[in-house]
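Down below are the structures I want you to see.
Okay, so subunit A shows up in both of these, paired with subunit B first and subunit C after.
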Partner chain A sequence: MSWYALWGALEIGFIYGLVALGVLISFRILRFPDLTVDGSFPLGAAVAATLIVAGWEPFSATLVATLAGGLAGAITGWLNVRLRIMDLLASILMMIALYSINLRIMGRPNVPLITEPTVFSFFELDTVPEYISRPLLVLAVVVAIKLALDWYLGTRTGLALRATGSNPRMARAQGVATGVMVLAGLALSNALCALGGALFAQSQGVSDISMGIGTIVIGLAAVIVGESLFSSRKLIVMTAAVVLGAVLYRLFVALALNADFIGLQAQDLNLITAVLVTIFLVVPLLRQKLRERRN
Partner chain B sequence: MLKADNLHITFNAGSPIETRALRGLSLEIPTGQFVTVIGSNGAGKSTLLNAISGEAMLDRGSIVIDGTELGRMPVWRRAARVARVFQDPLLGTCEDLTIEENLALAASRGGRRGLRRALGSNMRSEFRERLAILGLGLEDRLQDRIGLLSGGQRQAVSLLMAALRPSRILLLDEHTAALDPRIAAFVLDITRRIVAERKLTTLMVTHSMRQALEIGDRTIMLHQGQVVLDVAGEARTRLDVPQLLELFERVRGETVWDDALLLG
Partner chain C sequence: MRLTLLAQSVFCVAALFATMTGTARAQSVAVTSIVEHPALDAIKDGVKDALTDAGHTEEKGLRWQFQTAQGNTAIAAQIARKFVGDQPDVIVAIATPSAQAVVAAAKTIPVVYAAVTDPVAAQLVPSLEPSGSNVTGVSDSLELARQIELIKQVVPNARKVGMVYNPGEANSVAVVEQLRELLPTMGMSLIEAGAPRTVDVGAAARSLVGKVDVIYTNTDNNVVSAYESLVKVGNDAQIPLVASDTASVARGAIAALGLDYYEMGRQAGRLVLRILDGENPGDIPSETSDQLALHLNPEAARKQGVTLSSELLETAAVVLE
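So, the complex of A and B:
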């Protein structure tokens, strides 16, 4: 793998770190199987790209994209909490709705951004090549959000969010408005995914309607890889672990695709993902078996 | 004071499995009174507690706590007034959270949570103090996940949590039934101490006739969704388990077949 490809993999890995943090909130903390992610990631890309092409300043465009993702997550929560639609189904409904919405927003299947200013253009330096400065910028964003999330989960409201996912009946008895917490948690989760999508579009120079497919699998892969590497249940460790999981996942994929002797090609990406996730799901089991045999 | 008036709740109305759980139940509990509740399966004990906590909505009737009509107020909004310990020890605490996080969650029951830190050093020292009362050594394990504790230990913590903030009424739903006898006695003892110390208005459902008479100030018996026996004071002191059992059989119009009622 070339030096250039390595930094490229890191950049995408950090961007998916945002998705991983979002998936950590929905799947692990709220225990809400939320597939909205497959729609909110390209939603972030679509909103950011469309606004930038329309002449918006890239930072505000990215902010609006993030808020749009939050709104999508809140609607999924509303479908589940208010209309009593099963969690998984509610998120699937929102996901397919977003496919059409994203097409409407862009007005066509893809919007190129190559010639447009992006958030990355503001950080171009003469001393550091762009392929290095961009991953570092995304890294700074991910670290800032990880720290903010750690802080939030340590507040009283954050604790109420965790209790809502872990034991909703007890949470209600302790005065937690669990419905509101589900809405807020999904909004936060999908806002992070949309931010990821907005940065992804600006990093790749295009927003494409199909770029959301499989986002949830990548997010889950990152969470699973992170969790199998760190056994700690401490949240500060877990938020770091899933970001690292996203980066490692991306590096594995880049390695697999770049190792010519294996003969894998870009279209094998989803197969590689499936195999990688399977391996990481089995690792803890194997470890346990080994330990048992030793004793 | 809690005033329940003419409560009606029917589950699965109009279907073959229709259950009329409460049929015009009325009950008044003065502030500070400790009431024990007995009754056979299906008498409406749990439904009464659920009606007060907001988990079951009334078809008819009203519940007023200190002048506030509860109406269709959701569970979480009642939490400022109603504290509860469940029968299942796993239900009352959050197994993924640590002991101190569980207590912190209960410490803001009924208040606005906001974005303040959930835990501070003041709070921790208060928690340590409270946990020390239990004599289980939990004051040194604040940062252990509560899922690591036994059912009895978790139930004891649930009780502390219920008493951490003031409440207008404490609901105990057979909270010792799932524990082994020795632990159950321990949890019951703590219940007594906490209720007495904090002068809590309490409604405790129990399956044990002896517990029902020995603990608290007043005993009520439910049958088919109504209060069929209500004793306090002198009359209650004179009542013993065999007599209560006889009364129980008389209202049911049949002999008691449930051993659990005789034992314990």
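So, the complex of A and C:
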């Protein structure tokens, strides 16, 4: 594998690290199976791309895209909390609705950004080639968000959010407005996914309606790979672990793309990735069994 | 314990990287497509055969690699990065999302795109003239005036043309937008039915029953994948079907004046050869395919209540028995 492919995998891995952080909030902290992600990731891309093409400055376009994702998450929460629609179903409804909404926003299925300015074009340096500066920029964003998230989840509202997920009845008894917390948590989660989508579109030079397919699977895989590497319950470790999980997932894909030396072909890519992730999932179990046998 | 596992896995990954770098350079062509599907695969085969005919074979040192993104844009992006890192002599990118990913990543390596309906709207090239950049290729846009002419030849009194398509596919939307403008100038009108998923194709076709005189379809991936459900509606409700890919005629369309995707692949392959021979891709204008073939299915015509004229039957390249 070349350096270029490695840096590319890191760049995409860091972007999906944002998705992984979002999925960590919904699935793990709130314990809300939220599939809105498949719609909010391309929503972020659609809003950012459309605004940039319309002449907006890329940073404000990215900010609006993030807020749009937050709104989508809040609507999923509202469907669940106010209209009492089952959590999974509420998120599925929002996910399929977003497909049409994204098409409406873009006006067509594919908005290219190849010749447009992006957030990345503001950080082009003469000393560092673009393929290295872009992943570093995304890394800086992910680290900043990880630290902000660590801080937020330690504040009073952050603790209320965690309590809502781990024991809603107890949280209500303590005076936590759990409904509001579900809304806020999903908004935060989907805002991060939309930010990921907005950055992905700008890094790849295109926003395409099919971009969201399977985002939740990748996000969940990242969370699970991260958790199996570090079984710590500490939030600071978990937020770092899921980002690392997202990066590892992308490295697996990059490896699978180079697997032709063992006779594997292009169409085996998904299978190879699945096998590699499975190995990672089984490692903790095997280790535990080994320990038991020794005792 | 955790950290040792992490260290081990990092080491494994690093070791694998090390084994894969540093291969000798020969003439190399890297091909990628967004999905594997008969038409796109035919293009890939066409490119390869054009290279083989010119003496570029893997036995004679050509380094050929093919990667498909399996419909996933993130993987398409990673394939593009891998190719740029491999530094092949030419990258061939099949279908719009793959072509955009490659063009965004490769600033200097020559890129030949294929099966892109509107390369200008996709920002691959500024115009169909020589781009001055590293990009050239073959577009699969069909001249719609000729398609409408065919519709009129099959159903002479057609006024309302129905179209089933995926509103999420850039190529299809481009065709719909052009038809919306073109049909009224010929005294006809377009009635659209969206099928965002393959399973929606049948329902979309049924929604057109009673409203249209003929159903025309482009090379929409959803529609082509589920063409049989369209044929069922066409046969049941006696609505003539006109397609744009010749393979659909064998599946129950009456007629198609379609592209030969294998020939388009060979055309793209000839562009690859010109670049391998030292020509600058920025000096080569983008091409459209003119290899059109008319396929007819009289049996389908009978089922859908249409009689094919003898002059139409005479001009056909293939008439199915």
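Operating definition for what follows: the second predicted complex is superposed on the first by the 279 of 295 C-alpha atoms of A that agree within 3 Å, B and C clash if a C-alpha of one lies under 4 Å from a C-alpha of the other, contacts with A are read in each partner's own complex, and residues count from 1 in each chain.
The rule is short, and it goes like this: a contact is a pair of C-beta atoms (placed from the backbone, for glycine too) under 8 Å apart; a residue touches a chain by one contact, two chains touch by 3 or more.
Keep in mind it's a predicted model, so treat the numbers as computed, not measured.
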Item to complete: Tell me which partner A:V283 touches in the superposition: subunit B (first), subunit C (second), both or neither.
Response: second
Practice prompt. Tell me which partner A:T155 touches in the superposition: subunit B (first), subunit C (second), both or neither.
Written response: first
Item to complete: Scan A:R84 for contacts with subunit B and subunit C and give back first, second, both or neither.
Response: neither
Worksheet item: Regarding the shared-chain residue A:R294, is it in contact with subunit B (first), subunit C (second), both, or neither?
Response: neither
Practice prompt. Between subunit B and subunit C, pick out the one touching the greater number of residues of subunit A.
Written response: C
Practice prompt. Across the two complexes, find the residues of subunit A that touch subunit B and also touch subunit C.
Written response: none
Worksheet item: Given the complex with subunit A, which residues does subunit B contribute to the contact?
Response: 53, 74-77, 79-80, 84, 86, 91-97, 101, 104-106, 108-111, 113-119, 145, 161
Discussion item. Per the contact definition, I'd like the list of subunit A residues that touch subunit B in the complex.
Written reply: 152, 154-160, 162-163, 166-167, 169-178, 233
Worksheet, complete the sentence: The answer for subunit C against subunit A in the complex is residues 1-2, 5-6, 9, 13, 16-17, 19-21, 36, 65-68, 70-75, 77-82, 84-87, 96-97, 100-101, 103-105, 121-124, 167-170, 173, 196
Discussion item. Can you tell me which positions in subunit A touch subunit C when the two form their complex?
Written reply: 1-9, 12, 16, 99, 103, 108-110, 112-115, 131, 200, 203-206, 208-211, 213-214, 218, 229-232, 248, 250-251, 253-255, 257-258, 260-261, 266-267, 269-270, 280, 283, 287
